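Down below are the structures I want you to see.
Shared chain: chain A. Partners: chain B in the first complex, chain C in the second.
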Partner chain A sequence: MTAVRVAGVGLTHFGTHPDRTGRDLFAEASQRALADAGVERRAIEGLNYGNFMGELAEHQGHQGPLMAEAAGIDAPATRYESACASSGVALREAVKDVRNGESDVLLVGGAERMNNLGTAGTTEALAIAADDLYEVRAGMTFPAAYALMARSYFEQYGGSREDLAEIAVKNHANALDNEHAQFQREISVEEALDSPMVAEPLGLFDACPITDGASAVVLVSDEYAEKNDLDAPVAITGTGQGGDKMALQDREFLARTPAAERAAEEAYADAGIEATDVAAAEVHDCFTIAEVLALEALGFYAPGEGIGAAARGETTRDGDLPINLSGGLKAKGHPVGATGTSQVAEMTRLLRGDHPNSDAVDGDVGVAHNAGGTVASATVHVLEVVS
Partner chain B sequence: MSQNDDEVRDDGFDDFLDAIEDGEGFYLECPDGHGSLPPRRVCPHCGQGDLSEVALPESGEIETFTVVHVPAPEFADDAPYATAVVDFGPVRLTGQILDVAPEETEVGATVTPVVAETATTGERVLAFRPR
Partner chain C sequence: MTAVRVAGVGLTHFGTHPDRTGRDLFAEASQRALADAGVERRAIEGLNYGNFMGELAEHQGHQGPLMAEAAGIDAPATRYESACASSGVALREAVKDVRNGESDVLLVGGAERMNNLGTAGTTEALAIAADDLYEVRAGMTFPAAYALMARSYFEQYGGSREDLAEIAVKNHANALDNEHAQFQREISVEEALDSPMVAEPLGLFDACPITDGASAVVLVSDEYAEKNDLDAPVAITGTGQGGDKMALQDREFLARTPAAERAAEEAYADAGIEATDVAAAEVHDCFTIAEVLALEALGFYAPGEGIGAAARGETTRDGDLPINLSGGLKAKGHPVGATGTSQVAEMTRLLRGDHPNSDAVDGDVGVAHNAGGTVASATVHVLEVVS
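The block that comes next holds the complex of A and B.
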């Protein structure tokens, strides 16, 4: 089986760009990724593209061919949708395609335009990732769903809003030098705790912002990289995906995420690594509590032990296991369909040494954790420096 | 939600709300005793068919809740409101807490399921009253 190399990565600025169309955002990200890869457009054999709410935000379905056109490639293109894990699943399918010899060069990415809907419109749109009958019609918003999980976590294991605020502070600090990040500014615990409530116990600074942006990566087979003399030192060596019941009320656990646990187990086994081999991780912190649940699902902490990790300095830039050195969804931003591949793009830069925070990574193994909805779907990918 | 929600029913789900309204709440039980909510053709936990309607316990316990301050447009005039996940044993239900100030809602409190109308649109919404 061939290894799958990340030949190039590209991101737009993540932020408030309500006037920019999805196709323009993806055109920029894909152009950057192709330039970074040094791969010609005509070599691209297919596009796997993630997008969540294009019908609602842009009245645009059938986005695969539209985005291939925007990227300037003449190849089959398919859109993948798995809520906030849309480009995570798009990536996983591309990895499998390269491995099984179906393709040698694939473009993978995602885009989301959100700010044109405003806060109320975005809140309504994001809610479609939940069960319409039994959750949305009961008034559950996306922040409310994570608030239900946060309170359940506090009840079972303890923890406080201060612990969560430390996660937001950490991720903002990490984003300071990241030119792609929505918030390149530090915040304090006090500022986070004083922010307005969105869904108790979660406040505004527990939540990722509403973000417009796109991301793209170029995947190639080992053979293609060698034959074309590409500089592609990072490989995706493990992929995993897990699922859970759609509605929180139907889950076995309200304060654990078994879908991500299963994705991690599969990805680690695939790569032949253990959780203790990981030097850094990009995890899906759509809300601060989600980072805690991710740390535990990835096996870095036992259930109930992840809550104080940021406060104890273990997951900060200088800690033993830096988490979300990009700034995470919280500070880098969360253009939903673009997030999965943006995490892989950022981890690639972190590992190969051209990210502003690369010096904080002490090791060759990184992990990217992407979650859909309240983690009814999840993907985990292992990235390693292989040459 | 579609514009036709007022005219077109969602079989199973609307039957479930009707039953709660009539004080005859039920859930679906598979031969192995797993609980689920309609519409279902097979048990979501084990895949068995042959689901039967079983009476929902009269009351349940609040397992977790949140107070929503930033609602979707359909609930704009309802906010702030408390939404809870309530444990009835074989199934849990999600709905709004009525008759209790949001700040006085507590995990572990005993509640009974009812159907209310939202302040914003008048749509039916699953809700709970303290027992």
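The block that comes next holds the complex of A and C.
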């Protein structure tokens, strides 16, 4: 079995792009990834593409072939959709295809336009990631769903709005030097606590923003990298996926995310690592509480211990296990379908040393954790410096 | 590399189901497939699921985990979307995963609700499979797109509305004994020609209907089939996928479908067969002209020769190469996301001998051809009786 190298990564700026289409955004991200990889378009054997709400935001399905065209490649293309984990699942299948010898060079990425729907329209569109019959029609929005998860966590393990605010503050601080980030500005705990309440206990600064953007990575086999003398020191050595009941009310716990636990277990076993080997992680902090749940699902903290990690300084830039050095979904932004591959793009740069925050990473092993809906689906990938 | 067996298949009735949800339909199809396979739910390691317009028809994205739950399985699930080839691409990834040893038992399927949108709503929803900026906004609907392809074919190679009518008549005749089919009634060439014009030269009887339905298949490795003493004589021995420019105006030809040509070439090479080895095929006849284009892309006929095949009796039930013995999309129905796996389900039964039309198949090799949009994406799978 070959190792799967990340040969190149590319991102657009994450933010508000009222004058740009999804295909325009993906063209930019893919062009950057190909240039970063030093791989020519004609070498690409396929595109695995993640998108979540294109049907609603751009009246556009069937985005696989459309985005292959936007990327300038002449190869089969498939769109994957697993809500906010759309490009995570797209990536997973590409990793398997390269390591099994099905392909030597694949483009993986995602894009999302959201701002053109407005805040109410986006909230409604995001709701299709939850159970329409048994959650959405009862009035549940995503902030409400994560608020239920936060309340459940607080009741079971303790924790406070201050603990959550520390996570937002940390992630904003991490984004300061990230040119791709939607928010390159510091916030304070007081600002976070004073922000408008969205769904008790979550305020505006507990939530990630609404974002337009695209991301792409080029995956190649060991053999291809060697033969073409590519500079690709980072490999994806583990992949895992988990699923859970769609509706919160059908789950045993609201304060744990077994889909991500299973994905992590599988990915770690696949890579032959333990949670303690991980030097840094990009996790799916669509809300501050989601970062806490991720830390525990990934085995970095026991249940109930993750909530204070940022406040204790353990997951900050200078901590032992820096989390979301990119700024995370919270500050970097969350163009839904692009997030999974953007996490891998950021982690690749963090590990290979050309990210503004690379100096905060003390080790060779990173993890990317991507979640769909209220973590009814999740993927985890392990990245390692292998040369 | 293991062979990939089709251990079981299941379909709902294809038709109008105003009182049933997508999850309800998929629960039925998957239950039938599991029962047919003799495989227990807990053995399923993953679900690859195809759906096209769930965001619009049911306000429901993220259908992977939802449908896993509907099927009663506790395993990771991913939704694939490639317009009308959605479950074709879902199947392809599952085939690769089983033969590469990533999984031993996978559930693959698809579902679509369409009738609840009404005719105008469905036409609008189907349009998201075309290029929204450069086709849909110019007023193009899918009947119009295929009418352009038919006109181009007629101009280049000849052919008539009568030739197309013969295809509709053939496929209706094939569906007579298919209990899953939306239309179990014969039509005549005169009826087809007298049907209302939709988009010149295509009349109502050149088009497939609007259909609600679901399909599922259970794939297992050789080893699993043997160990568990499963009766699974049919294997998927070849898989191929192709892509093309999204918009018709960007293509070199309108009367050929290179995405399907590439998919066929890859699938045949994968299986080690030639077009001449094929005994029967299920092809994507969303419009009668699409069957002609498929016959030529699959290498059964040279360009320009496929148009008269039904009229000459070569592709009828008693012909040398029976096409769409299930009734095809035309008479069996076309619940978009379910079509790819339904073709494989029908072909499996045709080859293993328990389909009402099995006696028309003279040979051990069948092909399933699934196309997305105006064949901007396509998959081809080769099925063979291997024991």
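Assume the second predicted complex is superposed on the first by the 387 of 387 C-alpha atoms of A that agree within 3 Å, B and C clash if a C-alpha of one lies under 4 Å from a C-alpha of the other, contacts with A are read in each partner's own complex, and residues count from 1 in each chain.
Basically, a residue touches a chain if its C-beta (ideal position, glycine included) is under 8 Å from a C-beta of that chain, and two chains touch if they have at least 3 such contacts.
Source: prediction; values computed, not measured.
In the superposition on chain A, contact is made by A:77 with chain C only, not with chain B.
Legend: residue contacts after superposition of the two complexes on their common chain; A:133 is shown touching both chain B and chain C.
Of the two partner chains placed by the overlay, only chain B lies in contact with A:147; chain C stays clear of it. In the superposition on chain A, A:245 makes contact with both chain B and chain C.
Comparing chain C and chain B on the residues of chain A they touch gives the larger count to C. When the shared chain is aligned, chain B comes close enough to touch A:200, but chain C does not. Contact with chain C, but none with chain B, is seen for A:373 once the two complexes are overlaid on the shared chain. After overlaying the two complexes on the shared chain, residue contacts for A:230 are found with neither chain B nor chain C. Looking at the shared chain after the overlay, A:120 reaches chain B, while chain C stays out of its contact range. On chain A, the patch touched by chain B and the patch touched by chain C overlap at residues 127, 132-133, 136, 245, 250. Chain A meets chain B in the complex at residues 119-121, 123-124, 127, 132-141, 143-144, 147-149, 151-152, 155, 196-202, 245, 247-250, 254. Interface of chain C with chain A (complex): residues 21, 46, 52-53, 55-56, 58-62, 64-66, 68-69, 74-83, 89, 93, 96-97, 100, 102, 127-133, 136, 241-246, 250, 259, 262-263, 372-373, 376-377. Residues 1, 10, 13, 36-37, 44, 63-76, 78, 81, 83, 85, 91-96, 102, 107, 118, 123, 125-126 of chain B touch chain A in their complex.
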